[in-house]
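Chain IDs A, B, C and D follow the sequence of writing; residue 1 opens each chain.
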Amino acid sequence: MGGSIYGRLFRVSTWGESHGPAVGVTVDGCPAGLVLTTEMIQKDLDRRRPGQSRFTTARQEADEVEILSGVFEGKTTGTPISMIVRNKDQRSRDYGNLAVLYRPGHADLGFDSKYGFRDYRGGGRSSARETIARVAAGAVARAVLDQAGVRIGAFTSAIGPVTADENMTDYCAAQESPLRMADPKAEEEAAAYLEKCIREQDSCGGQVTCLIDGVPAGVGEPVFDKLDAALAQAMMSIGAVKAVEVGDGVSASRSRGSLNNDIYAENMDGVPVKCTNHSGGILGGISDGSRIRLRVSFKPTPSIAAEQPMLGRDGKIHRESIKGRHDPCVVPRAVAVVEAMAAVTCADLLLCNMSSRIEYVRRIYNNSEETI
Amino acid sequence: MGGSIYGRLFRVSTWGESHGPAVGVTVDGCPAGLVLTTEMIQKDLDRRRPGQSRFTTARQEADEVEILSGVFEGKTTGTPISMIVRNKDQRSRDYGNLAVLYRPGHADLGFDSKYGFRDYRGGGRSSARETIARVAAGAVARAVLDQAGVRIGAFTSAIGPVTADENMTDYCAAQESPLRMADPKAEEEAAAYLEKCIREQDSCGGQVTCLIDGVPAGVGEPVFDKLDAALAQAMMSIGAVKAVEVGDGVSASRSRGSLNNDIYAENMDGVPVKCTNHSGGILGGISDGSRIRLRVSFKPTPSIAAEQPMLGRDGKIHRESIKGRHDPCVVPRAVAVVEAMAAVTCADLLLCNMSSRIEYVRRIYNNSEETI
Amino acid sequence: MGGSIYGRLFRVSTWGESHGPAVGVTVDGCPAGLVLTTEMIQKDLDRRRPGQSRFTTARQEADEVEILSGVFEGKTTGTPISMIVRNKDQRSRDYGNLAVLYRPGHADLGFDSKYGFRDYRGGGRSSARETIARVAAGAVARAVLDQAGVRIGAFTSAIGPVTADENMTDYCAAQESPLRMADPKAEEEAAAYLEKCIREQDSCGGQVTCLIDGVPAGVGEPVFDKLDAALAQAMMSIGAVKAVEVGDGVSASRSRGSLNNDIYAENMDGVPVKCTNHSGGILGGISDGSRIRLRVSFKPTPSIAAEQPMLGRDGKIHRESIKGRHDPCVVPRAVAVVEAMAAVTCADLLLCNMSSRIEYVRRIYNNSEETI
Amino acid sequence: MGGSIYGRLFRVSTWGESHGPAVGVTVDGCPAGLVLTTEMIQKDLDRRRPGQSRFTTARQEADEVEILSGVFEGKTTGTPISMIVRNKDQRSRDYGNLAVLYRPGHADLGFDSKYGFRDYRGGGRSSARETIARVAAGAVARAVLDQAGVRIGAFTSAIGPVTADENMTDYCAAQESPLRMADPKAEEEAAAYLEKCIREQDSCGGQVTCLIDGVPAGVGEPVFDKLDAALAQAMMSIGAVKAVEVGDGVSASRSRGSLNNDIYAENMDGVPVKCTNHSGGILGGISDGSRIRLRVSFKPTPSIAAEQPMLGRDGKIHRESIKGRHDPCVVPRAVAVVEAMAAVTCADLLLCNMSSRIEYVRRIYNNSEETI
């Protein structure tokens, strides 16, 4: 049925294969009158671009975005915003043997089972290059959110077994770090761990923490389009994600009600403030106005240089190594993707929430009094 | 925008409040010709019904379902199946003070922020009684899946800190256990832990593991409607869920590529079989034909008998205890809900997958040859 | 895939068969805080109810609606509004022979081809009783529209060859007329024509004109969810409708640009006013703030008392007459259905339009300044 | 909320403005394994291309399509098919004064009211160039339909008051005629009428008839996604369309039940065949296996060379003539657009119908026996 379209009101339609001519995305439903420039998109794309450190694939892609529609005189027109990024540095020869092999940990067998055949070059549609479309759409969403005072920041909270201090959440520091970690001590250790993985022709997983500030209370639609449910879909849809946690996540399952319930207490001015945030800013699927906190777990990059047994289309097992250029850990580059998906989801549900009260209907249509 | 409708082709539309006259669900898009009886629905509803053990709320509800449409002469007609369960044992007087208080850990503040006011009786729309609709729809989905050879079973894998042995997955044993655990030793310990929580006027969380067998390879739609992404939304949309893990989940983030990649090896007949299942049966969002494995983490029941500080609509903090009848741990009754959401999601994506190949189009429309 | 759910934000999910226990509808996405009573729904249902004149079926149905959810203390809560009407005066024995016959002009063959079998009693799902759900949902939509100053009125503009004067648009007069015509002279003639049809064991078609006032300029979503496109789907989805015209409709195809373009001219105060309305209030799929005008053509009731040749399930032709109680012309009772579908569609697109400008986003989220 | 995405399973997402860099479309949900070439798309685009006769705009556009994704080794992969056409011969200077004027009969006022401003160059998003995306998507849909034996053909049935003989339906003749008429005598008259319109600096409307053969009985989803309802939305969403008729359309409203009901009679071999087709192949919203027949009415091109009064953004009335290059009648070029929208709608509902029976589920998933 497709599956490449996401969102309710802010709808993102993505397309493109790793080794096809281009990848791209169309955003339909972005409100009109929003300042939007190529630079705003490019800035986020540059953050996920490969080739920025020794820990990312050597594939060289400028990933330059072109806006093809929906913007006029620097502002969004309300009509679809089409964005395209041409693929340049394809090296399809690396993938010749993949036509007949199913790489472990990849969707190859799934695509063949589903569609009868597949574009095997560089993973085709299931390549990480697909996330370019997410990041471009996310940049548009971020501009929408900015108008409602919402800010999103993500960073690496774990690389393999190396965990960053949860209290170190300096977003700017994370942005400047090659591994996108806000804890310099943990980053040093993580870098050493990654070097070791590379030496051993292996890869590792990790975690991304995403913080969202400024979402007003009331965002999220009960029962199925809850804010956390929508974020869970959005995050789990990113390649290599195996777990999504909101607030205390898994550890909440080991807690007690008396400890896990968040407490409000009066501050020195007598105003009640939320003192704890075990819930991660979402209760019953609706934002409560406090910081939203997610943790997303990524599995190790399945493409490793070491030789592995692989199932073949011929129904036999082959021992091969995977050529091509791969990140030893997807997490640092995934940070921008997590932010993008959080942005798209929040923008979407923020727009959905605009019709939640008849009072808002009257406010937009300038009908100040109740007429029934 | 609503949010009470779920699914792409197999669409579930739920409604009802805890203390309104009834709760219900309409399933639109169920294939015609499926044997469906009230008993099939009732059987699953009985599994989530309260009042079955000392560990569940004392609210007495028969939860008897009536099928109002979509079934004729014992078979589904292809038109919407409407199912209704009347509420009977409402005790709204328990909730009088909740009109002006926001219970910790509940959606009360969110609903008020979103809608301007709320039906506060028994949690209104955000009550766990909402899950009756999910379970009824799930029973229909299960009947569909049965025709494709898919089986779903869930059980309690943890109650607070008490964890069941992962290798004990006897589904029948779990069904007969009051805590829905397949590991009798862990259950004994868990029961003791729950007793302690009750004595201390407290509550606890836990985990549900869900296993899905028989899903053919190829189910799940890249990029956003991946099978794991859809399951993540489905599970996270259940009240009190704070984390969803697929396969090894969070622990995959601490693994290495060489260990986390699943291995195929030849069995004694020379046929390749999958030896490990770190991926949980889903790769790149598409089923690979092996067992699908999910773990869902629930937070502790937020309604506890002990007195707690609560934010009031008056912007002040009040110390009150929550009356009403509540489960000390939602997990045992949530098992049926997890199964239901898994069933609805799998049935939906199984139907979606039916149009993935032009060969299938020809097969349904009896057009045996390619005509281009 | 279903097909019984309609709408983007204001979503209507209908269910029920003619001779099943009940018919009903759930409205998901109605804004909270709207005054809504059973009487408001019942009033519209009474207008489509059978048995009100000698020109309608003798089937006796009180069609009493019960609201099962989504309303608390007289106001909508923002959660799904479930409404149910029990079927009472089923006379299934009239339909015994229809199990094996395909009535001319009905969906019988279509349902059998699609689903393999069908609930043949009284037309099952394709009975006109299905429109009860539309009318109930329409009453809710009407309450929403009322808050934005939108008013919808429809009336019979033709019965068979008898056409009402287009300038006679007194809605109140039409409401009180048994044939829902605003032109008393034409009505008299139409009544005589209908009597003749009944005497001749025949039926006839007719037209409904629908006027919508107060829709602000800007409603309708280019390219596919245009206001006229959405109205066309909504109207054509009503049983027996064979044509939908907007503004001058078919006759616009015979006009010239110089004549068909609507003209603005200054009134005596120098303010430009629209002098003509060939377009019917919609240009490029978007409302222009003037009166919206639709004409909907209904075919003759296919169930006639005279004997007809009918295709049977046995692949043979049978000569039979159709028993059961049928309107000689569906148009008078369809007036309320046309209004309902117009109301649902306008309410839906009015809500959709609320997120069309970033300025509205700021207005709802109280962010008065641009922040980029 | 957008509005540029159409379809349920076969989803078409369009974008682009008349004077932006390009227009395009992404088709998500096309089954895999379908032969698809650029030539197949180009062939249909060429049929709607301007500059083919003296009756179409002089704008010169090659309208060359590039397929950017979703096709591998000449076959669809099941993933999104992105298609792009660069705009070349923009002459934006023609539209300078339109920034401050609302052209009669156009969406200018609507766009400004909706979005606060608009891309006024060449009509921006509401330009007829938007239909390129529809035609490209339609070519893909046509390839799908071809595999199920469905054929679609449309032709001009009226130009202004000149009507073609309804019995002349030679599709090939229509394709070769500059006005796309299958009746050479009517075409001659129509050409003369058009010449007269051009001389008088005026324009005219017309009608397109669309025939669809080979749709199996059973396609269309009751209640809201009926085949005729979906076609009505699809057709009415095309710019300048003011009426959609199915089968006998408007004239059915003046008929009698005894005449309008279609008759089956036995042919010489004793096999029942449908003798009449007043219904146009659709009953109760579901195809009955016979020829589907639609008539679509287009209003006269609103952009005429003669001077007209126009409302300005300044709230005053201006007398101006519209520069730019416009067709005196949109109908001949609209024929390809009508076909495309019919193709997309039929392909979509054909796919939807694949999950209508549990027997089909078993057929796809190779589960030959009932298991309940």
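One rule holds in what follows: a residue touches a chain if its C-beta (ideal position, glycine included) is under 8 Å from a C-beta of that chain, and two chains touch if they have at least 3 such contacts.
Please read these numbers as outputs of a predicted model, since none were measured by experiment.
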Joint neighbours (chain A and chain B) are C, D
What's the farthest chain from chain D if centres are computed as the mean of the Cα atoms? B
Cα centroid separation, chain B vs chain C, in Å, comes to 37
Rounded Å distance, chain B centre to chain D centre (Cα mean): 43
Chain D residues touching 2+ other chains are 1-5, 9, 14, 29, 32-33, 78-79, 114-116, 125, 216, 222, 351-353, 355-357, 359
Contact set on chain B toward chain A in their complex: 1-6, 8-9, 14, 104-111, 113-116, 125-126, 130, 158, 160-161, 197, 200, 202-207, 216-226, 228-237, 239, 241-250, 252-266, 271-272, 278-280, 283-289, 297-304, 306, 308-311, 315-317, 352-353, 355-357, 359
Which stretch or stretches of chain D touch chain A in the complex? 1-5, 9, 11, 13-17, 20-24, 26, 28-29, 32-33, 66, 68-70, 72, 75, 77-82, 84, 114-119, 124-125, 351
Per the touch rule above, chain C residues touching chain A in the complex are 9, 29, 31-35, 76, 78-79, 143-144, 146-149, 216, 222, 350-352, 354-365, 367, 370-372
